[in-house]
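Read from first to last, the chains carry the letters A, B, C, D, E, F, G and H; within each, the first residue is number 1.
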Amino acid sequence: MSEQAPVTELPELRIDHLREARTGLAEAVYGPGKTPDQCAAAVAELLAGPGDGPVLLTRADPAQAAAATAAAPGAAVASYDEGQELRTLLWRARERREHAGSVLVLTAGTGDLPVAREAAAVVEAYGHEVALVADVGVAGLHRVLGQQDRLAAADVVVVVAGMEGALASVVGGLTRAPVVAVPTSTGYGAGLEGVTALLGMLASCSPGITAVGIDNGFGAGCAAVRFLGARVDA
Amino acid sequence: MSEQAPVTELPELRIDHLREARTGLAEAVYGPGKTPDQCAAAVAELLAGPGDGPVLLTRADPAQAAAATAAAPGAAVASYDEGQELRTLLWRARERREHAGSVLVLTAGTGDLPVAREAAAVVEAYGHEVALVADVGVAGLHRVLGQQDRLAAADVVVVVAGMEGALASVVGGLTRAPVVAVPTSTGYGAGLEGVTALLGMLASCSPGITAVGIDNGFGAGCAAVRFLGARVDA
Amino acid sequence: MSEQAPVTELPELRIDHLREARTGLAEAVYGPGKTPDQCAAAVAELLAGPGDGPVLLTRADPAQAAAATAAAPGAAVASYDEGQELRTLLWRARERREHAGSVLVLTAGTGDLPVAREAAAVVEAYGHEVALVADVGVAGLHRVLGQQDRLAAADVVVVVAGMEGALASVVGGLTRAPVVAVPTSTGYGAGLEGVTALLGMLASCSPGITAVGIDNGFGAGCAAVRFLGARVDA
Amino acid sequence: MSEQAPVTELPELRIDHLREARTGLAEAVYGPGKTPDQCAAAVAELLAGPGDGPVLLTRADPAQAAAATAAAPGAAVASYDEGQELRTLLWRARERREHAGSVLVLTAGTGDLPVAREAAAVVEAYGHEVALVADVGVAGLHRVLGQQDRLAAADVVVVVAGMEGALASVVGGLTRAPVVAVPTSTGYGAGLEGVTALLGMLASCSPGITAVGIDNGFGAGCAAVRFLGARVDA
Amino acid sequence: MSEQAPVTELPELRIDHLREARTGLAEAVYGPGKTPDQCAAAVAELLAGPGDGPVLLTRADPAQAAAATAAAPGAAVASYDEGQELRTLLWRARERREHAGSVLVLTAGTGDLPVAREAAAVVEAYGHEVALVADVGVAGLHRVLGQQDRLAAADVVVVVAGMEGALASVVGGLTRAPVVAVPTSTGYGAGLEGVTALLGMLASCSPGITAVGIDNGFGAGCAAVRFLGARVDA
Amino acid sequence: MSEQAPVTELPELRIDHLREARTGLAEAVYGPGKTPDQCAAAVAELLAGPGDGPVLLTRADPAQAAAATAAAPGAAVASYDEGQELRTLLWRARERREHAGSVLVLTAGTGDLPVAREAAAVVEAYGHEVALVADVGVAGLHRVLGQQDRLAAADVVVVVAGMEGALASVVGGLTRAPVVAVPTSTGYGAGLEGVTALLGMLASCSPGITAVGIDNGFGAGCAAVRFLGARVDA
Amino acid sequence: MSEQAPVTELPELRIDHLREARTGLAEAVYGPGKTPDQCAAAVAELLAGPGDGPVLLTRADPAQAAAATAAAPGAAVASYDEGQELRTLLWRARERREHAGSVLVLTAGTGDLPVAREAAAVVEAYGHEVALVADVGVAGLHRVLGQQDRLAAADVVVVVAGMEGALASVVGGLTRAPVVAVPTSTGYGAGLEGVTALLGMLASCSPGITAVGIDNGFGAGCAAVRFLGARVDA
Amino acid sequence: MSEQAPVTELPELRIDHLREARTGLAEAVYGPGKTPDQCAAAVAELLAGPGDGPVLLTRADPAQAAAATAAAPGAAVASYDEGQELRTLLWRARERREHAGSVLVLTAGTGDLPVAREAAAVVEAYGHEVALVADVGVAGLHRVLGQQDRLAAADVVVVVAGMEGALASVVGGLTRAPVVAVPTSTGYGAGLEGVTALLGMLASCSPGITAVGIDNGFGAGCAAVRFLGARVDA
């Protein structure tokens, strides 16, 4: 029994080269579930395609990162999750725009940092400004109350929080900006790996908060880019 | 076919007359699922028994209340839920104790009031002081920040909140007192009829908060009585 | 036994008059769980307060609506849910802003209309433009493909969908605008009263979509107002 | 304490040799939870039995595969999941039928390929034609719209998708063929390891879609064989 | 406050007249969540459109049925659920096809009949043959074993079952035909309103079974029409 | 539009007359989901069949009960649930057996009585002895400790409890008899309508307890009859 | 920082030496979550105590097994789970009773064997007879129909099944004996690690089936011992 | 590709030095999800800050513990979980208070000990007395009944239990003290990793019990410190 290829015909990659033109966001390569070769091929094809925007490989493990950077040198490590040894690789970051928007990313705890950094990396890759302020959970309210100037100045606020996710509700009551809430899977058992924070953010008593999926820093960054694009282009 | 009694032998009531002696809290009669006659019989037997403490009939609908007060006159309506037309009836309230403890009940919204009042009614029935302050949800932080004197003076704080239940976390960071959190089933769909608030309270980033079941104002009041009993008797 | 008032002290309303100044969105009165008198009192106090912005009473049943309009005449019915006989009442709508933003609200089916109209009502109350296009579910793709001009012109797109909620993913791939997805509880059993659509929107393969809670048209409208405020004031 | 055999009597294998005669599908050996020896014995007995149809060992890990091929040489690796190091082994594939049916297997992403290949392997084992087209998720609609000829020509379409599974709804609106949807466990947290896609497929707005369990490529392949058998034999 | 129309622009119906041409199944009108007027308008527009196929109004309550038949006379009651007072109305049934397929609908209990009849009604509306055999649950195996001739002759088998849904697994082991399983919400508490049967059907030990959503007789009927279309047109 | 019968062929009842011979328990008619006519027909056919054992109609509402007793006079009301107005009707009860077994049914609270009585009714219908002792919940341990003589004498113990269901664990530690636990849907929110009690009984620290579904008094009675049959016939 | 013992006082073991006298089943030592030393100490104390019945250490990993057999030689490996490398160790098995009861353990698949063997080991340890017949799942009904003699002769039947657990329903319709159903965590995704089988067994259409928790072979064995004890001692 | 730091600005630690002054409990460092360096930095900053109370690092793995003790020598191992190799490290324990409160920690089984010790460690760190009594589960009631003197003397009782968590209900009926229940994730499948015990504790039939999250010994210890602080300071 040799490890021969499966007998079905080989599928081709079907890169969506026009996605940035349609949506303002180029197709990104999500690492988990792909082989290192698939990651490398997708990155290479995106770089060789008609677009000129950022190319991102997200949640890449060491083998995926190695294969991709071998096939396509010049990547920056845009964010890194030390605990899970996953990283965001970035090729062709956009230069800082002249009328760039400004995003404030807040985290409730230090354990939320990897997700927050993934969000920030996407925003920066598209040429906008980001400030990341960690560890302002509501058990010590003075910490978030001390960020009121930044909250007033931000075009978009991203709140990254696990456990009960109460930071999103408090922030929603302190700012006029759009608030994108990212539940994280940090915390004890009753956090249910992020479900509690997600539900709390969706049921928030502060109106006008929206949420993305658990640990989905990438999605929050993309949402922020959508908002800023609408704002900047107006 | 006549509506004859079931052919099995009739069960007797088995009132736990010594519960107050053992636990500081007399057996109470929980209305839902009981017939009006069962409610009336249980109340009457408790009043006729060896104890002299408060007798409570909780969540009584109009028929149950009518049967119980017919069998045992003299009840006070200790709390009332206008929406569900349920009430707490009270016989033999304890007089205010000389060294009574003091409980502060906070609610996030006005929709949490019926549950909060059930909790307050239990505390008062056992002779302790209660202050009930409603509508201090975290979307407007100044409301709870304006209660800091009461938070400092309370022996126990009961936080009643639906939706995401974030008030419990914020209060937990502002007081040294024991905090008993009561999730309520108020709010939109993602509140999951109280499950979101419950999970949020259990996963709170403020340490030392404890919770009771959804809408369980009675249980929170009982917990407060336990705490105050321990404090006062010391 | 007379229906006397509960023996605990009466809580006061704690209207958050400065919420519009802080967040761009005035406090609104959510009907469910409140008595008609509580609704009327809250509306009246908001109208008498220091703000001059829109006052909304949401999901009001006939008794709540009658009490509120008796206490505060001049309300418009901003949206109406025929099936549940609930409505949004509006006092002091903002005039159309000179540089108003433009929101496109799409629904997958006609059963999603009540939620969509609640979202649209909020946006209009704050002086922005809304277009509502119903019944463009993905089982007939030409319907949403026929909206590409509107998708390109909108500053924010709100997608209201029940069942599997796939419309959000398809729209996310067709527009640069921020997409706020609202899951609804319409549809057969496996829709789980909106949970399926919610999960699908949060797990969407189109990046940068954000979601609000199930049937939360009010929240989606508020989110759109936040986005437009950020855009317009820029 | 020696690792003696358990004291209960030894159970025998109870191979269902007549299953292909009854159902058109021979009993297959599902690897997980079986010892390598049990896998090998089951394969050997199936090959020695009265049937002459395909013998499949599914989701075999390296030890199971080695034991089975030692006991029964001549297996082909019909599909392979590089990530989990599991494979489908096949003995006695049927020759291509003269009036074979044609199955189109579509995947939303490349991470869905292992499940898709398992489905395709079953179809091929029973002598039918399969085309596998990957990476046509709805975030770039032109990809699936580009498959309309194949969709029109297929006798059965199998849609393999994780995340929100919206591809099934879109495909259901584009083809007359039976659509078998396979949810996969790929994707971020809110995909809930396939539950979101499963629910979305069951609640699809496109009528007449049916689903199999999460990651159950084998089951989808078997369903396709049932459909084709009915068609071909007619 | 008059019940004025909402202030947003009125959405139009967006009937998908070409759906039967694309998918073999015309758009149907699902009653729940629609007003009687919306039901009547949708039916009338479908009948006035370019198609000539069956028009179905499903799960119509008495008011919806009355409005629809006033606007479009000549409907047949294709199925009726006495318990919920809902019915399937049918206009323009297809004549029996010359080479019609044959569907066998089995139910585990008599409580499953309304769902089974909805499935059968769809199949008949499209001109195929249906036999409906009720009450063959597995607690008395001889009942389903007595249907072996019908199982051998059917082109498609639809199994409708609540509680634990075991009938689907047993039928799957007795027939070569495609098996479409419909979980129903009948039965005691642990049936979880159909979730147990759904999960059981998806996890069935009989390979090649597919499922539709809970109580979704309409969907099962549509799936059968897809299968038969593929078979008959071949 | 007349309410004509559905156009599909009429299914016949398929009574399992030999079930008592096979399993010791005759087929019973479960009311919910059946029309009054279906109930009456099923009862009549069972009485006219070859068996001579008990015929039970369970959870019958007033209309079902009236139809059944009109068609088949002579029924006894074997148990009655006043809250839900449902009852168990019984025809042809078995006489008390000479070597009858003895069942002890315990309930944690009075709200559990309807379920307990349904269980007891089944046991009595088959000619065995039952004692029903209510209201021995573990918050007052002396109540269950006072039943030790009955626990020692019983051949089977049925424990009926809602809320957390702890009574089953305590009873399991006090008796040698088989313990059948019945979770009930009584109690506050965190009881989750019986799910909490069910899970607690399945996870009990007392070994050898078995459970039936939520509120399934009928099933517990049947289980007891199976146990006693095995014992008595030995 | 040395690994000093915790500063709290050391808890003592609190072996329940009289459990066999009270319940017919001696306390057993459940391995998971205990240290090897705790396992060894518990076994040694049980053997040194006043009882003379079987001593069981269940689900012991290699380290726990080694520690226990070092402290207490002479253990037999009563059952063994090769996949998880866990075993049941047994000291002081009871001799076969003269009037021993007879238990039939059936499994749906070979993957259910470890759980089935754990159940069988308990029954044998207490001196009763066991026959274990594997792989009689309902996809090939002839396999379980071939066991009708054993089903008629057994005093108790234990059904061990994963996936949808339908075997329990089928067996319940074929035997008069008490049926104890054990759901297992074997099978594909929709089996939900045993939850599907558990729910199916609790919702079974065959009356009088009872269930234990997922993979709880030990509990099923104990339940059988309770039943047999009642039968034999009668 | 070098492992360069992420391109976003570095967040600072935001230690809440005044938390003990506000709440009586200093900020603690929760290990999971933090890097060893983050743990060490947080501990060091807390020790260098204005407070003089206990500094706790909880659930530290070996690498975190090593980094923290390297940065801040002098830690005691306050509790240790041998199974998960996690520990609580403690710096600056408070001396035993003159009027210290007394906490009784009970566990149902020995597997609950690590959680119980974490709770006890927190109480001792703040200068109160703790007695820990293990293995008093309700399957052998005499064990907890033997603790009645300690139950009467305790100021707070912490009940740590997995499986069905029934010990909390029984203890609640035996003591006047506040009862804090801690569900643990020990036990078989139906314990659902602590969810069953949690739900059981929240739905307890013994009034006045409160709960913390699953395995949250730290939270229970903090709750006890809050209670004792209120008691002692009175």
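Criterion: a residue touches a chain if its C-beta (ideal position, glycine included) is under 8 Å from a C-beta of that chain, and two chains touch if they have at least 3 such contacts.
Note that the structure is predicted; figures quoted are calculated from it, not measured.
Visitor: Just to be sure I understand the contacts, which chains border both chain H and chain G?
Guide: F
Visitor: What's the overlap between the neighbours of chain B and those of chain C?
Guide: Chains touching both chain B and chain C: A.
Visitor: What chain lies farthest away from chain B once each centre is taken as the mean of the Cα atoms?
Guide: D
Visitor: Using mean CA coordinates as chain centres, what's the gap between chain E and chain G in Å?
Guide: The computed centroid separation for chain E versus chain G comes out at 44 Å.
Visitor: Among the residues of chain H, which are close enough to touch at least two other chains?
Guide: 19, 109, 139-140, 172-174, 188-191, 198, 202-203, 206-207, 213-214, 216, 219 - these are the residues of chain H that touch more than one other chain.
Visitor: So which chains actually touch one another? I want all the pairs, not just one.
Guide: Result for touching pairs of chains: A-B, A-C, A-D, A-H, B-C, B-F, B-H, C-D, C-E, D-E, D-G, E-F, E-G, F-G, F-H, G-H.
Visitor: What residues of chain H sit close enough to touch chain A in their complex?
Guide: 1-9, 11-14, 16, 18-19, 27, 30, 32-35, 38, 42, 185, 193-194, 198, 213-216, 219
Visitor: If we count contacts the way the header does, which residues on chain D are in touch with chain E in the complex?
Guide: 19, 22-25, 28, 155-156, 172-180, 198, 202-203, 206-214, 216, 218-219, 222-223, 225-227, 229-232, 234
Visitor: Sort out for me which residues of chain D touch chain A in the complex.
Guide: My answer: residues 65-66, 69, 75-80, 82-83, 89, 107, 109-111, 113, 117, 120-121, 124, 130-136, 139-140, 142-143, 186, 188-191.
Visitor: Please name which positions on chain C make contact with chain D in the complex.
Guide: That would be residues 108-109, 137-141, 145, 163-166, 169-170, 172-174, 187-192, 195-197, 199-207 of chain C.
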